[in-house]
């Protein structure tokens, strides 16, 4: 569940973040990071998005699939509701800037996760709440530079390296493999300050939605930990719809 | 000859009663010492068995590997049938389900939103089934500070300090946010039935006790449990008995290839306790050894003095022509008889007294600020197998040795000197 | 006084029997002191170990620090006040910086504490000296419990992930340069000790600390805004309470030991009164009142214990001192045991302990000597002098 949220937010964050990022250094061989980011921006930019998705969690014993619907606006507002399985259905999550609320229908309670709790791991899992809320405002926090070219899954990609420019980012370095033609990211790697690879995201099955390329499936993997990773499948996505403003208020949780 | 000696012993109270009383007193003290030491030193083991390890513990292989992280996702499944099977196989033992879990305890305001919250560690026990020994095992009655012990589903006990920090009291509703054994978020409302004092800072900071069926529901662990604890029939740890049970269980149920198959481990294999048990053994060995040594010297002395004071009698017996060797042997037989009777009597008295101390105990709760789970407020003896025979070492062997030594004087002394002693 | 002299002469005159009893009493006296000492020493070991490894003479905490609440760690570090710098250089204070981290031994995840400490500190017994040296990886020493739980040993590399002061993730390899064994879980469980300067760089907390351990010989009288002194009373509270409980529980053992000693005296006393009826009759015939004779016998009995004290010191003092210096080895392997308990136990004897044990023995011996002597007061002197049994 936590991972689900994370993927939703990361996916949103990644996309939105990439759209507005910029300020890379020039490199004679390659286009500027700016330019690439800008192209990606044009591919994916939208005011808001509504998506229905499935997450497949590979547990120690079995794999489970959780379905949810998410409304997101910018990178600061997001609201999700779980649709299935029955145990999770009706659970809602609201994220506004630095605060996170979770509503559980079975207990009819809204629980706020804040402060120190955000940095704690979620129920002993590898993800902190903060991880889940990783809004990765790339433009504000990273400078982009293309450091090379590589063929990934028979697609020619730029390797885009994002270096943190501010201090309070979770990951110091991000590397993105960007399709040179479609300007869509195929893979992202997250690195620690020391340069150690921490996490990897791979994006597949790009579809054209409202004139934008959008991944149909993503696989997240914590590189330090054993395990199969987590799969995230986007069934439906719509951009620039009319999301009523009350969706992003606590009133919508109940 | 023994009958003759017996008669003599019975008729001469000075010769029989007093030595027997002394030997019996010494032996019963020894037995008491052994049992009390075992009880006091075993308190910690007992506590740990009751609180977390059981005498034997069944987990999955995978859970056992990572047990310090209480990974509920690696819990045992189909526990009810497993429980039925172990209950059938070992009907004298008490088998219980336990789940340890972690989570966030959240207190609502009037709108159902977070007013205060704290991270908690929880243990779940069977508090509600009539006849469950678990509430007594965790001494819930004694550690209760406010409120009551849960008697209906959905009720929990929380540590008193935590209740103060969260500003909640018995009767309030709180929500536990945790994760199910499949990794989903779990929410469950509990009513605080009472607050307790555990006696360790860590647990008093934030521990809760919930009923097992509530926790199974809350964590989506229907027919699952992270642990099954087993308690030996008489409630006391017995390494040999436990080892046999473990072998039997593991050969029947455990499959090392399947990380989710159950495996049984013993109390003395639990990381923290393994060394302690051995140390208790050696510690009590030293103390008992020293005590038995001292008691032996006392009773040896009794035998010795008993022999010395009969020099006059020996003199007469020598005078009327009894052989030295015969006198010596008869004295030793006498002391053996005294030793056997005294030791047997003393062992019975010592065991009776130990049994009383085992069942009732010494209550010292008036000397402490209330009982806690860690410090139960009373001390108990524990009757251990060696208590049945250890008293005979000082009681029989030592007192007879004393007589033997003093009897040597018979050979040394001249008849004339003995007569002279007789006259004075 | 006359009674004393007479009692003493009688005792010495009785020869072997007296010395046997005195020997026993002396032996029990030594035993009691020894056993009390070992029990006490066993209990005190925990405190001694905590002082040696963990708390020193006390700790100075950053005011937000709460060792039981890892949440506080993010806010419980601060720049060490200038006034403490000198003491750190003198070796009176050892700063420790604590931060949460995650390690990944064999791809499993474990959350631990990273504790930074000066490699050349002398305040704690933790073998930090091996941390100094030129390492590419983070050099770390870990305690036996940590080594066992994470299945790590000397020379192993393990991935550590932590966050710096701003929350940015960082991860690298740590090299286990040493595993130490201590009986204090607070320094051996779920934590890695690394050089403090390294941790400060890693977390960008230059010049900061979470707490400072004071040297056992040093008392910090200073006061600094934002720092709180935690003395032994505070840090050992839980342990002291537990020891107090154990002592109460253990005192019953001394009652049994005492009964043992009394048994010996009582036994002797009953026998000697029985055997010495003629003597008693003679005393009375010579004009001693019954109560004087009772007193004489009581003093005789009690004098056993005084002689025992004197005799006991001869082998007792060197013996106890020898045991104390050697300690008593505890067989077995306690590597995983979580409580502060050592492999060797050093009995703890205090002058108070020894004196009170002596006093108790003398008092109880007197009482026990008196009880059978009361029989004398009922004796008929004529019958007694004839040696007739009464």
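Here the chain labels run A, B and C in written order, and each chain numbers its own residues starting at 1.
Here is the rule we go by: contacts are C-beta pairs under 8 Å (C-beta built on N, C-alpha and C of every residue); 3 or more make two chains touch, one makes a residue touch a chain.
Remember, predicted model here, so these are calculated numbers, not experimental data.
Q: Between B-C and A-C, which chain pair is linked by more C-beta pairs in contact?
A: B-C
Q: Specify the chain most distant from chain B by Cα centroid.
A: Of all the other chains, the one whose centre lies farthest from chain B is A.
Q: Can you work out the whole-Å distance between the CA centroids of chain A and chain C?
A: It comes to 57 Å between the two C-alpha centres.
Q: In angstrom, rounded to a whole number, how far apart do the mean CA points of chain B and chain C lie?
A: Measuring from centre to centre gives 24 Å for this pair.
Q: For chain A, jot down the residues that touch at least 2 other chains.
A: Within chain A, the residues that touch at least two other chains are 117, 120.
Q: Going by the touch rule set out above, which residues of chain B reach two or more other chains?
A: Correct list: 69, 119.
Q: So which bits of chain C are touching at least two other chains?
A: 71, 108
Q: Mind listing the chain B positions that touch chain C in their complex?
A: 14, 18, 22, 25-26, 29, 32-33, 36-37, 40, 43-44, 66, 68-69, 119, 200-202, 205, 271-276, 278-279, 281-283, 286-287, 290-291, 294-295, 297-298, 301-302, 304-306, 308-309, 362, 364, 367-368, 374-375, 379
Q: Can you tell me which positions in chain A touch chain C when the two form their complex?
A: Those in contact with chain C are residues 116-117, 119-121, 126, 130, 164, 167-172, 190, 192-194, 196, 198, 224-227.
Q: Of all residues in chain C, which touch chain B in the complex?
A: Chain C reaches chain B through residues 16-17, 20-21, 23-24, 27-28, 31, 34-35, 38, 42, 68-69, 71, 108, 110, 145, 148-149, 238, 241-242, 245-246, 248-250, 252-253, 256-257, 259-260, 263-264, 266-268, 270-271, 274-275, 328, 330-339, 341, 389.
Q: Considering only the defined contacts, which chain B positions touch chain A in the complex?
A: Against chain A, the touching part of chain B is residues 62, 69, 71, 73-74, 102-104, 106, 108, 111-114, 117, 119, 175, 177-180, 182-185, 187-189, 220, 260.
Q: Please output the residues of chain C touching chain A within their complex, sorted ascending.
A: It comes out as residues 71-72, 74, 102, 104, 106-109, 111, 159, 161, 163-164, 166-172, 204.
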